[in-house]
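Each of the next two complexes has chain A plus one more chain, namely chain B in the first and chain C in the second.
On to the complex of A and B.
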């Protein structure tokens, strides 16, 4: 008798527990993603592209993965790191988000890093490109790119293609320094020579005086890095100063020839050779579909920032699928490590050791296709890892 | 005004602690318990309030306009950050005072430039100083971390007892206490003969000089004090967020500060505090409502505030509390 009563009690208890856990599961049926990007201020175009791409992906793939409803909470940090930090903290503490994502500039990604570690929340970096970001927390994963990836490649390419003397023009902040350092290392190691080195201020730059110095130095080519969004202004002044007729070609990482602005740059951009991870003209079916869908939805061409956002949200979806809906930080990060897929930019994967992106880097030349300017890829460097980490 | 209502007596009466003020601070304390999930934005209000208070000291009381108050905020912020990174002064309260002191030194040094000119040249000079400092911080990136900001700031527990938590409760209470103490000090100062002499200078510097007020010395003193306050606000910012990056010097920060003071009103100390609360609430509401276009709505509200006029708005807001107070003070009248 006694035993039976005991089992009865046990059954009741088990039933209660089951009920409780069922209730708990119900409460956790949504996975929340805090998307923190600059929607206002100088970096607004980055935020808008990422936001667009995330929305597009969710339209295409539905908002449920592995039985979980995905909810994205969009916040504007205007690329100011203390905003980023506050928003990330509020999203984690109040909104109980499972993942934070976005991060238009490096300081913003840095600001959120300690929170990601403390709260064990994955931080998916969709834009910021300084090499060391992923080392700031074991919960950071990057789906954009690092400047080292593109800058080393263009350095090697320049040496191989008979460019001897280069003048450099880079924005004076961490990604610009990264770009310059990696380019210089590879270019001078191959026997190239840097004849002039200028750093331009990041905010509202007037390139004219710098361009005059470039012209006077008479290099074979000029290496240019300015952040996405400033390329249009740069090329305009480049043409105004007559550099397009001086035979000094523009080379560099692809930020300056962002697809977003490329078409407005005019013919002075023709022939510029850049190394980058994405071109809207990438000849794959996945990309053609992506570009068509993006153009249809937003009436403009997607740039590499949009692709970073598109791949970022895909990574989150794929990781959730792999964990079967388990949305705690450790499981998600474990699932994201080593993940490989076909992105609009080509095949990419997440390095299991550094949680940084491994991807092809393409050498492209600006050409006219159907009356529009495109970066046409003509050489591919396969599976490039971030050189900032492989060196160590 | 009869003879027995002299200036001294009027100012004494004004200096008396009112019911409204008690209520204001009680509400601030109550916020600790009521808004327990919004500590971070409350913290921002507290240091922004202190920052606005420092601008109010020079703008509202001495008539010095500034578009570069972020200079002192930034110096305080970087100073507190560097002290923490290099472990020079570990204890936050002490670091706060040191950071305020650093800003004060800069304030004293630049005050000679600022008080020389008219309002327009004051705007230019203060703006220039802030821009200079920003560029310096950018150039000396091995010290300041440049555009990426200062890395690796870890703030020790306050007085060795209260560690900063992820919810920001300790941070908010810390900011609130500092704000309250410095507010009391500011209140004491502006109601002192020194404060009265400042107002005399603001109203008419020539006449003030004629009755024997050392105009320049007084202005230098208040400008230096204001820099100290701004430095403390900056240090609070760094200590509660563990961040210090170039935008602490940004023009937007100085301009926002003027907006805060425009919203709250200058020249009665509470303006900065009320302005900070209203500004942050507006920002928060609009930016979560429409992350893309919130600046438009903030602009619209500002235009409306100016059009309606602050006085009229306050009359509306304070109508009920005033009514209650009056009834409580004179219960007989309500029957009539």
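On to the complex of A and C.
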């Protein structure tokens, strides 16, 4: 009995020692990234795409930068802000992460912001798209997009291309309101007219009555913003009601035509014109390689969420390279400001003043390429900053 | 005028769909006195089975529909025999907790197996689009829903009222002891009824995927609609939920068309008004026990 206890004690002590020494090694040579994304729940596809892209990037570029080993700790917040906050705190306090990243929805990015400020840990936002996020903490950097970027551009484009009367159909929640406001500002300032404005409840099973209203308003085009998951359902009913044949075009920010879902929507989506930051059909070598590698690894097409994650991890790698491996928050943020590189979506940079992303916005039309539906880009608006901030 | 008719048509189609989805719940809740909140899970199962058959295995849509019914009914009978059977005599609270647990499990399982994004069933071309009858836009798919659901309703009503099985079922519900004393195999009657209700839900899920969208959260999103139909219609008859579904479907579609700002509330307002006026539902009788 005595002997047994003794060995147990010894093992425990040895274990402790080992643990401690392992920790010491880690603290010096490892840079830890806490990746908080929704892996379950309604937003799970966002989290999965980001996780996939980050893994792909690390496979391609190795897991050491400037002599540091990169370790990613993945946490699932199911897009619930309370979880995000708790997980961010655990990661910062217990796991001593150097960077937190991910954030599938706006409230999640908000929830982690005060922690980033307090702990001086950079928060790399890879998905959430509301304009004010980067103002919530001086340690927030964004590699996704803002809704304003795409919505203002489609407003400008519509005016220039002879669309005079537009009916709007947007989901009744914060990003929907954002999209509508930015579009309306630019479209009406250019002389366009909004003939009908409908806000659809977020949990809306059937678009039929709203679409009938759109049809009866007889606009030149309808501006649509619904959460990515509902886009397919919407386009099907749009075609079923014969709106495509009555000449009412669909325009909007590109979320509706996410590459993730586009091919499942069927031919009814053909011809929809959207403004967005990324299309899997973007004709650059960088993107072709990215799409091919992503398809090979995960057997599906990358969407804009995957690109946000891919660029986010790249930004972290590049910043570490620039600081020579120094991983404290202030050095990293300083290194990230003004960083510019070529992403699969095209040339992008981090605005040194706002820490928000500056990127091209493309006007695309849904077309059939090799039997699959793609958003084919045909016009480019260069270096678009977030209009939510340039206004000030 | 033509717009009004189109709205009416859409409303009827939506109501019919609600009816097929909820009629199974009306049967288990009303006839068997079992609170089955997991009803939507069977609908989801039917939807996914139909989607996999059509999209992956290339089974024609009209063959996949009855298969979705049969598969959901089989799942129903297995669940009834292994799990539900033991809860018939428990308190409603136990039943609610048990079935809501099942819902969460179903959501997770489907999320794991099929992914969390919405899926669509590839429809045959003949069901897509609209045609005009005297200027009234009629969606082909919605017309098909009305036809199928109308026939089903008639079938259910006739079965319950006129067949031997119907009278056995009613007897088994009214007084299980006396019924089994008369030689009616009560557990078997319940099992068949439960399976049929689950099958209907599965068929509803397969039909509804096109209009309501299909994702792993389906049972949670639509649970409230099923419950509204059953509470408003009263759960003792089949005609009650049927008329309630039609009323709610039309009110919902018309409300969203004419007052889009209030759209989502119309269905709840209708429910509240009806329940204040008739607390037992439109056709509910005062509880007899």
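We take it that the second predicted complex is superposed on the first by the 363 of 392 C-alpha atoms of A that agree within 3 Å, B and C clash if a C-alpha of one lies under 4 Å from a C-alpha of the other, contacts with A are read in each partner's own complex, and residues count from 1 in each chain.
Basically, a contact is a pair of C-beta atoms (placed from the backbone, for glycine too) under 8 Å apart; a residue touches a chain by one contact, two chains touch by 3 or more.
Quick caveat, the model's predicted, so the values are computed rather than measured.
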| item | value |
| --- | --- |
| Touching partner for A:40 - first (chain B), second (chain C), both, neither | both |
| Touching partner for A:199 - first (chain B), second (chain C), both, neither | second |
| First, second, both or neither for A:80, with chain B first and chain C second | first |
| First (chain B), second (chain C), both or neither touched by A:219 | neither |
| Touched partner set for A:252, first chain B, second chain C, both or neither | neither |
| Partner chain(s) touched by A:89 [first = chain B, second = chain C, both, neither] | first |
| Chain B versus chain C as contact partner of A:388, first or second or both or neither | neither |
| Touched partner set for A:208, first chain B, second chain C, both or neither | second |
| First (chain B), second (chain C), both or neither touched by A:155 | neither |
| Shared chain A surface residues [contacts with chain B and with chain C] | 40, 201 |
| Footprint of chain B on chain A - complex, ascending | 39-40, 48, 74-76, 80-82, 85-86, 89-90, 92-94, 106-107, 110-111, 114-115, 118-119, 130, 172-174, 201-202 |
| Chain A - residues contacting chain C, complex | 40-45, 198-201, 203-206, 208-210, 212-213, 216, 229-230, 232-233, 236-237, 239-242, 260-261, 264-266 |
| Touching residues on chain C, where the partner in the complex is chain A | 3, 6-7, 10, 14, 108, 111, 115-120, 122, 128-130, 137, 139-141, 210-213, 215, 217, 221-222, 225, 252-257, 260-261, 263-264 |
| Residues of chain B that touch chain A when the two form their complex | 37-38, 40-41, 44, 138, 146-149, 151, 166-168, 237, 241-243, 245, 247, 287-288, 291-292, 294-295 |
